[in-house]
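In the two assemblies presented below, chain A is common to both, partnered first by chain B and then by chain C.
On to the complex of A and B.
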C-alpha cells in the first residue's frame, strides 16, 4: 500500500510540474519545475528497484544539466524578465495537437495491454552492472561505453569551439 | 479498460500507470516544443521528452524482461547523450545571444550572412 501512495504522489508531482514547466512565464521558474520533474522521475526509478539509475539521474540530470540550464538562463536573461506571451492561435494549435495525441496514445495503451504484469523480484547489484558495462561478450556493453566517452570528448571540443569569442 | 484503477487497490502498480504517466510528460514536452518561442524553453521541452522516453525504457525492461538489462543500459546511455546534447545546445544559445541579444526562434533568420557581402 505504501508503494501505491508513493506512486500517486510522484504521479501528481510529475504531471502538475511538467505542465507548469512548459507553460510558465518566467524561464527560471520553468527550470525549477523541470528540476522537480527530474527528481520525481528519480523517485520512480527507486520505486522500480533500479537504484543505480536513481543515482545517475540525480547526479547527471538534476545536478549537471540543471546547472547548465540555470547558467544559460542567467546569462541570457535579466532576473525577473518575463517572456512575451506567444500568440493565442499558436498556443491553441499546440494544445489541440497535444490533447489529440495524448488521447490517441492513451487509447492505444489501454486497449493493447490486456494482461496484468507483476513485478518480478530481481536484484540488480552494482557489481553486476559494472561487469556488464565492462565486458566484451554477448549482452555486455564495453563498445557503447567507449562510444559515449568519445561522444563526451567531441561534445567538450564542440562546446568550446562554438561558445568561444572570436 | 479500467483495470488500471481496479488493480491499483490489489497491491501492485500496473505497467499502464507508468506508461500513462510518461505519456503526460511526453505530451507536455510536445506542447512546449510547439508553442514556446524561446530557445531555452524549447530545450526544457526536449528534456521532458527525453525523460519520458527513459521512463518507458526502464518500465518495459523491469516489467517484461526483468532478468535482462537492455532497457536499463539504454536509459543510462540516453542520459549521457542528453547531457552532451544540452551542453552543445546551450553553447549555441549563448553564441546566438552574443550575436543577436535575444534567444527567440523568430529572430534567428538574422543569423544568415547578408547577401550583399558575397
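On to the complex of A and C.
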C-alpha cells in the first residue's frame, strides 16, 4: 500500500519533470528538471531495495554529471535567455519520433518484463557486485568493464585533443 | 548482563519502549507511520539544536582564539545569543530580487538543506540512535552530500550577480575536487574494515579504533579526510568561495532572511557531519574506549552513555577544525587546486594500495596482536 503510493508519487514526478525538461525554454532550467528526474529514478531504486544502485545513481548522475552539465551551461553565452522556438514542422516531427520511440520501448518492456524481471529477496551486497564486476566466469562482467574503460580513455584523449586545438 | 545496569541513560530503552507500546496498541502500518514521523521530528529537532549549539560554540571559541570575550550580553556568558539570533532571522524580511530566475533562486537553498539533512539522517549518534542503517552507509553519505553543491551553483547563477557567480564557480571547483579525496580516504577505511555499513564499522572498532588498526595508512587517510572535509565545508583557509574582501559574501550575497539562514545552517551542519563521519569511520563512533581484557575498565567506560562519547569525539574534531580555521591564511585558487590534484590525490591513490597490502599481508594491529 505505502509502496504503491510512493511509487505513484515518484512516477508522477518523473513524467512531469521529463516533459518539463524538454519543453522548458531556458537551458539551465531544463538541466534542473532533468536533475529532479534523475533523483526520482534514484528514489525508485531505493523503493526496490537496490541501495547500491541508488547511491551510484545519486553520486554519478545527480552529483557528478549534473554538476558538469551545469558548469558547461554556465560557460555558454547566455544560459538564462529564452531559446527561440523551433519551426512547427520540426516540432511535429520531434513529437512523432518520440511517440514512436515510446511505443517501441513500451512494447519491448511489456513483452519481456516477466521473463527477465525477478526481484531479489535479499539485499545485494557490495561484495557480490564487486565479484560480479571483476569476474571472468559466466554472468560476470570483467570484459565489458574493461572495454568501457578503454572507451572512456578514448573520450579523455579526444577531449584533450579538442581543447589543445585552441 | 552487567551492561544493563551500567547503561541507564541510553536511548535504547526509550526507543524500545515506544516501539513496543505502539506495536501493542496499533496495527503495524500505523505504528510504522507514527514512528517514521517521530524519527523525522526528532532528527529535525536535533538538526536545529545542533546548529544553534555549534554557532554559539564557534563564536565563543573564535573569540578566544582572537583574544576577545565573544557574545556575553544575552544570558550568562551569552548562552542565549543564538536563540536571540534565531528569533531575529525568523522575523527578518525575505527580500525579493527582481532580475533573478525566480524558480531556481528560491529552489537553491532547499538543495543545500535537503542534502545536509539526508546525510545527517544516516549518522549513528549512539547505540540504537541510528535512523537508517544502509549496507552501503559510507557510500550513501558521500553520494548524498554531493547534492548540496548543485544548490550552490544554482544559487550563484540565478542571483544574477557577478560576485555570486564567481563564488559559486570557485565553490563548485573546490567541492568537486576535494570530494574525490574525501571519498578515497573513506574508501581506504572500507578496505580496512571490509564493510561499508556504519554499524558494522563501529562494531569492528570495539577494541581497536581504525586509526590505530591501520596505523600508517589510516593516519594518512585520516589527515587527508580532515583536510578535504574542511575544504568541502568552505571554511578556514579554504573559504575563498565567500572571501569577504573580494566577493562580499560569495554565492549567497543576494539572499536574505530565512533563505540565507538555510545556507548558513547547512554550512554549520556540514561541519558537524564531516566531523561525525570522521569520528565514526576513524575513531570508533559512539563506542566507548575499550581495551581487550580489561573488563573492569571497559565496564567503567560504559557508564558514560554512548551519545556522550560520540559528542566528545565530534566536538574534539570540530575544535580542531576551528583551530585550523583561525590559524592559517586563506589560500589562492591555484594553490588550492594544486594541493588537491598534485599532492592529496596521488598520495591518496598510493595510500589505498598501501592499505590493501597491509590488509593482505596481515599487518594491521588486530592481526598482529
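Here, the second predicted complex is superposed on the first by the 134 of 166 C-alpha atoms of A that agree within 3 Å, B and C clash if a C-alpha of one lies under 4 Å from a C-alpha of the other, contacts with A are read in each partner's own complex, and residues count from 1 in each chain.
Basically, contacts are C-beta pairs under 8 Å (C-beta built on N, C-alpha and C of every residue); 3 or more make two chains touch, one makes a residue touch a chain.
The shown structure was predicted, so the numbers you read here are calculated from the model rather than taken from an experiment.
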In the overlaid three-chain picture, which partner chain does A:26 touch, first (chain B) or second (chain C), both, or neither? second
Which partner does A:45 contact after superposing on A: first (chain B), second (chain C), both, neither? first
Taking the superposition on A as described, I'd like to know which of chain B and chain C A:72 touches: first, second, both or neither. first
Looking at the overlay, does A:35 come into contact with chain B only (first), chain C only (second), both, or neither? second
Looking at chain A, does chain B or chain C touch a larger number of its residues? B
Examine A:105 and indicate which partner it touches, taking first as chain B and second as chain C; both and neither are also allowed. first
Touching A:58 in the superposition: chain B (first), chain C (second), both, neither? second
Looking at A:134 after the superposition, I want to know if it touches chain B, chain C, both of them or none. Which is it: first, second, both, neither? neither
Applying the touch criterion given at the start, work out whether A:86 contacts chain B, chain C, both or neither, answering first, second, both or neither. first
Following superposition on chain A, which residues of chain A contact chain B and also contact chain C? 1, 56, 64, 71
Which residues of chain A touch chain C once you look at their complex with the stated criterion? 1-2, 26, 28-29, 32, 35, 39, 51-52, 54-56, 58-59, 62-64, 66-67, 70-71, 74, 79-80, 123, 125-126
Seen from chain C, its contact residues with chain A in the complex are 29, 33, 101, 103-104, 107, 134-136, 139-140, 142-144, 146-147, 149-150, 153-154, 157, 160, 165, 169, 172, 176, 179, 196
Hey, which residues of chain A end up touching chain B in the complex? 1, 3-4, 7, 10-11, 14-15, 18-19, 21-23, 27, 30-31, 34, 37-38, 41, 44-45, 47-50, 53, 56-57, 60-61, 64-65, 68-69, 71-73, 75-76, 83-84, 86, 90-91, 93-95, 97-99, 101-102, 105-106, 109-111, 113, 116-120, 122, 124, 129, 132-133, 139, 141, 144, 148, 151-152, 154-156, 158-160, 162-163, 165
Which of the residues in chain B end up touching chain A in this complex? 1, 3-4, 7-9, 11-21, 23-25, 27-32, 34-38, 40-41, 43-45, 47-48, 51, 54-55, 58-59, 62-64, 66-70, 72-73, 75-77, 79-84, 86-88, 90-95, 97-98, 102-103
